[in-house]
Amino acid sequence: MNNRLINWFKFASPATFYPLAGKMIPWFVALSVVFGAAGLYLGMFVAPTDFQQGEGYRIIFIHVPASWMSMFIYLVMAFWAALGLAFNTRLSGMMATALAPTGALMAFLSLWTGALWGKPMWGTWWVWDARLTSELILLFLYIGFIALQSAIDDPRRADKAGAVLALVGVVNIPIIYFSVKWWNTLHQGASVSLTKSPSMAATMLWAMLLVALCFWMYSIAVALGRARNIMLERERHTEWVRQLLAGKES
Amino acid sequence: MLDLLFAVIARDLKLALRRQADLVSALFFFIIVVSLFPLGVGPEMDMLRKMAPGVLWVAALLATMLTLPRLFGDDYRDGTLEQLVLAPQPLPVTVLGKMAAHWLTSGLPLTLLAPVLGLQFDLSADGLLVLTLALLVGTPSLSAIGAIGAALTLGLRGGGVLVSLLVLPLYIPVLIFGAGAVDAAVSGLGFEAHLSLLGALLAGSLFFAPWATAAALKISLE
Amino acid sequence: MHWNSASEFFAMGGYAFYVWGSFGVTALIMAVEPIIVARRRKNLLSRLKRQITAENLAQRSEES
Amino acid sequence: MLEASQLECVRGDRRLFAGVSFRLEGGELLNLQGKNGAGKTSLLRMLVGLAQPVAGEITWRGEPIRKLAEDYRAELCYMGHHNAIKEELTPLENLLASARLAGEPLSEEQALEALYAVGLAGREDLQAKYLSQGQKRRVALARLIHERRALWVLDEPFVALDVAAVDMVAGLIGAHLQRGGLAVMTTHQAVTIPAGNLREYRLGA
Amino acid sequence: MLDLLFAVIARDLKLALRRQADLVSALFFFIIVVSLFPLGVGPEMDMLRKMAPGVLWVAALLATMLTLPRLFGDDYRDGTLEQLVLAPQPLPVTVLGKMAAHWLTSGLPLTLLAPVLGLQFDLSADGLLVLTLALLVGTPSLSAIGAIGAALTLGLRGGGVLVSLLVLPLYIPVLIFGAGAVDAAVSGLGFEAHLSLLGALLAGSLFFAPWATAAALKISLE
Amino acid sequence: MLEASQLECVRGDRRLFAGVSFRLEGGELLNLQGKNGAGKTSLLRMLVGLAQPVAGEITWRGEPIRKLAEDYRAELCYMGHHNAIKEELTPLENLLASARLAGEPLSEEQALEALYAVGLAGREDLQAKYLSQGQKRRVALARLIHERRALWVLDEPFVALDVAAVDMVAGLIGAHLQRGGLAVMTTHQAVTIPAGNLREYRLGA
């Protein structure tokens, strides 16, 4: 049995991070609920009807936050990945792995809500417009990252390989953001007029920001939860996991 | 006989599931190729709608073709193929099993996914239905015909590209009838003729391909 | 608050399908993802506990 | 039972051997000798029917093996330079799958027993790609443990094995011969097979 | 350093020539894919002309991608890659050499062939010229970026398909600017901006890709 | 010159070895012993820098090899389980290409001489895919003939070789030791190296 016992103690971080993350999760969940409730209240009940798009524009309150989060999470993921490559800390790889599925879901939500918005506004579910397309590419990048990591069984190698891919893929984020300029595009057609009436703009902006904060807190909470799972799985032979499990039992 | 067939299929499916990446990525390759075209061609819906059947079929073809080197390649390299050839069962049955497993892990998922991608090209409901049907009948032929090419190029380096060279010309009838069926459906013409031709191709290739492949395998091993 | 009735709210000015389709799927995903994570955690914990008990048993039988 | 007469082998423009003849009965082992490149592997592949001799004939129980085809293969077990195991499957799965494909299903207990016998206890659920060179060879050789077909053709079975494993495999071959089986084998190592009637044939003197 | 570069290039070219099939078949794959489209889409010249840049570029992309698994795969399997990594020279230089050889055997022939195929689609002389130029500047980036994906998926079964999943998203900018340049030229607009963006991509990828690939190779071997 | 201290190796969730320490000077050969799967290959890959130990350090002339990087690799020659030859190239081309890529170009005569020395005369222009198992291994080993780098790391060099070739390779290693070189080696066969200071290390007792 001793054979299987590995002394990971020199990398103290997961052992200390695990309970810390456990304590933080409820707080982020709570924040997320509060921000979400406030944002939805503002967005669904306070914000007035858009005079061009009618009530359909209310999709914006999830579409835009989801789009932002999908890009932002990728950047965070790449940041952790770089950290892991540079300093060989195992925690960073776990964080990157934990973030990817949430990022992919956000990208999917952006596409989904965008499509549901596009049907009434543009008359079609999908156009091959620059921004939509680049969002699709972002989804592919996430999926590529996940597929690569799941194709590798050795976690250390999976972390490193994923990190290289994530860093290479970062180039695409600015491309997504600025892609609108390279094509005459349908998407940017600002049918939501943020400048029409200042009061309306303010409520809408606030609602959007609040929902974005809600998504942000949600992502942190889920990613932390997933990171805890990964930690348990990878460190199952360490002393701290044993003690933890023993403690749970008694 | 059936026992052997199922044994082969079960083993290959288990291997595919174990690898996962294989299963998922053939699908995503399909998605990505389909999505590349509008990028290269530009976003005009009208033109995209006209291109749709061709693009979807070409993508299905390429996705199938990409997975062909794997069909016998791994077994060849690690010596399993010798064992299969030396097993006291008829080789064509073994080969049929491998074809079936290949279709289940490449053609079938493509078929199921195609309608969703068709939506992106704004195909009509009729078009989507016929697209799915045509793929359902057509993709098994792709696996069967592809197996011959895969067997012939075994062990030749650069086999991956060579196999496409051999196989693509044989795929062209499937492509023409397959895309033709969808085209016909979209323009409101009868698509049954195309579909039954695809069916005939399927029957023919299921009948002949196992024998041809078995012969090719024996030659490649010698 | 500019809705006059609940039904008006749910009708969303004729965009119900699109609006609720978006919000619904979002809500669904945000509900399912944490559940999946939590379920995986539960499975993992029970599996690990089982492994540790098995190892302890093996060790004890080795010692005796 | 197995008889080769006047076999000739040509590879490229080189004649590897000609006039190779021998006869093997139940309980006999033929140990094929010869230096690297003498044509041992080529001869074995002819014996199992994977390659065709340029001249000469191979018969099994008096019938040419080309005619017997599947009937011959049903009595034959071949192990080549390659291990014929799948890197993605565990040793246990490998053994079960290859037995099933060879048309002689094993039960799970039998398979486990075979794996223990070749010293892979504790590794039966590890994907084969993680195994060491010698452990992979052992998985391949585990097939022999429950193998009861009459003719074994083994191409350098001892390669990559440690001393204990070499003895174990030699014992397996001995037991096979004692049961009245035939075996043809090549090896460059000096190995003593504990039982059976041992004969040598030297290629390309 | 240069010595090593040329040694790697010379060796890889010799291998490619020895295999021949490799060289020829990437080309034929390109030809076949390009020729499949008119078959799938139908013979209207007007539409074909509009599709041409997109189809040619997508085909070039796919042809390059198909050859990627070979880039390091053979060296990995037979142990040569270990030797290259252990050689007392900087790995990024070796990698650069392999990229160059890959381009010489895939990108360059495609580029030279493309104008001929463009004729089939009735492209104007201007269009053909810009197509060739764009391919000349764009295809080296494809080899460079592709090498990263090839290195990352080394030794993973199903790598052939996985590599396309990883690499295609990264190829998209090249595709957009490449096809865009031709489109612009055909419609008489300025294509210089697109070409210089392609150039920028090339410079960037030639600078970063060897390092990223070298890192990925070391990770894959561990 | 080469010193390993307290090396630890973990594969998957198995600790293969820990606390492996040894020191090797010029003229010494370390023969790594251990049964299949003991971790010999894993240890050799650490020694050459292809894998990182979980704990412990390897130094060469007093410096950690991670720091030395290319300077260490310039004094190192590694032969793994694989032959690292290209099937499409002839033995001659293989030898020339690998020497050039390793940064130590051979002349054509030297390469031919090496091929003759390993008994491949007459095969120097045949594509390697046509060679027998043992002949391929000989092509790989031909690299050793003109190899003058200080440290040789050889993973089962004798596999697939016939008796004459085994003696020849043993002689090569002996000569290397006599020139003051170092070597680390694994093998499951009993081979006598004719010269040098021979030491054994047993993994996983």
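Letters A, B, C, D, E and F name the chains as they come in the text, with residue numbers starting at 1 for each one.
Following the convention adopted for this analysis, a residue touches a chain if its C-beta (ideal position, glycine included) is under 8 Å from a C-beta of that chain, and two chains touch if they have at least 3 such contacts.
Given the structure is predicted, the values throughout are model-derived calculations rather than measurements.
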Subunit E reached from subunit D - shortest hop count over touching chains: 2
Of A-C and E-F, whichever chain pair has more C-beta contact pairs: A-C
Remotest chain, subunit B as reference, centres from CA atoms: F
Chain centre separation in whole Å, for subunit B relative to subunit A (CA means): 36
Geometric centre distance via CA averages, subunit D-subunit A, whole Å: 56
Subunit C-subunit E separation of Cα centroids, rounded to whole Å: 43
Where subunit A touches two or more other chains, by residue: 4, 133, 140, 143, 147, 151, 153, 236
Contacts with 2+ other chains: residues of subunit B: 19, 21, 25, 28, 32, 39, 42, 74, 157
Subunit D residues counted as touching two or more neighbouring chains: 81, 87-88, 127
Residues of subunit E defined as touching subunit B within the complex: 19, 21-22, 24-26, 28-29, 32-33, 36-37, 39-42, 47, 50-51, 53-55, 57-58, 61-62, 66-67, 69-70, 74, 156-158, 160-162, 164-165, 168-169, 172, 175-176, 179, 183
Contacting residues of subunit C [partner subunit A, same complex]: 1-3, 9, 12-15, 17-19, 21-23, 25-26, 29-30, 33-34, 37-38, 40-41, 44-45, 48-49, 51-52, 55, 58-59, 62
Touch list for subunit F against partner subunit E, complex: 48-52, 70-71, 73-74, 76, 78, 80-89, 93, 97-98, 100-103, 127
Partner subunit D, residues of subunit F touching it in the complex: 11-12, 34-41, 81, 119, 123, 126, 130-135, 137-138, 156, 159-166, 188-189
Subunit A to subunit B touching residues, read off their complex: 124-129, 133, 136, 140, 143, 147, 150-151, 183, 186
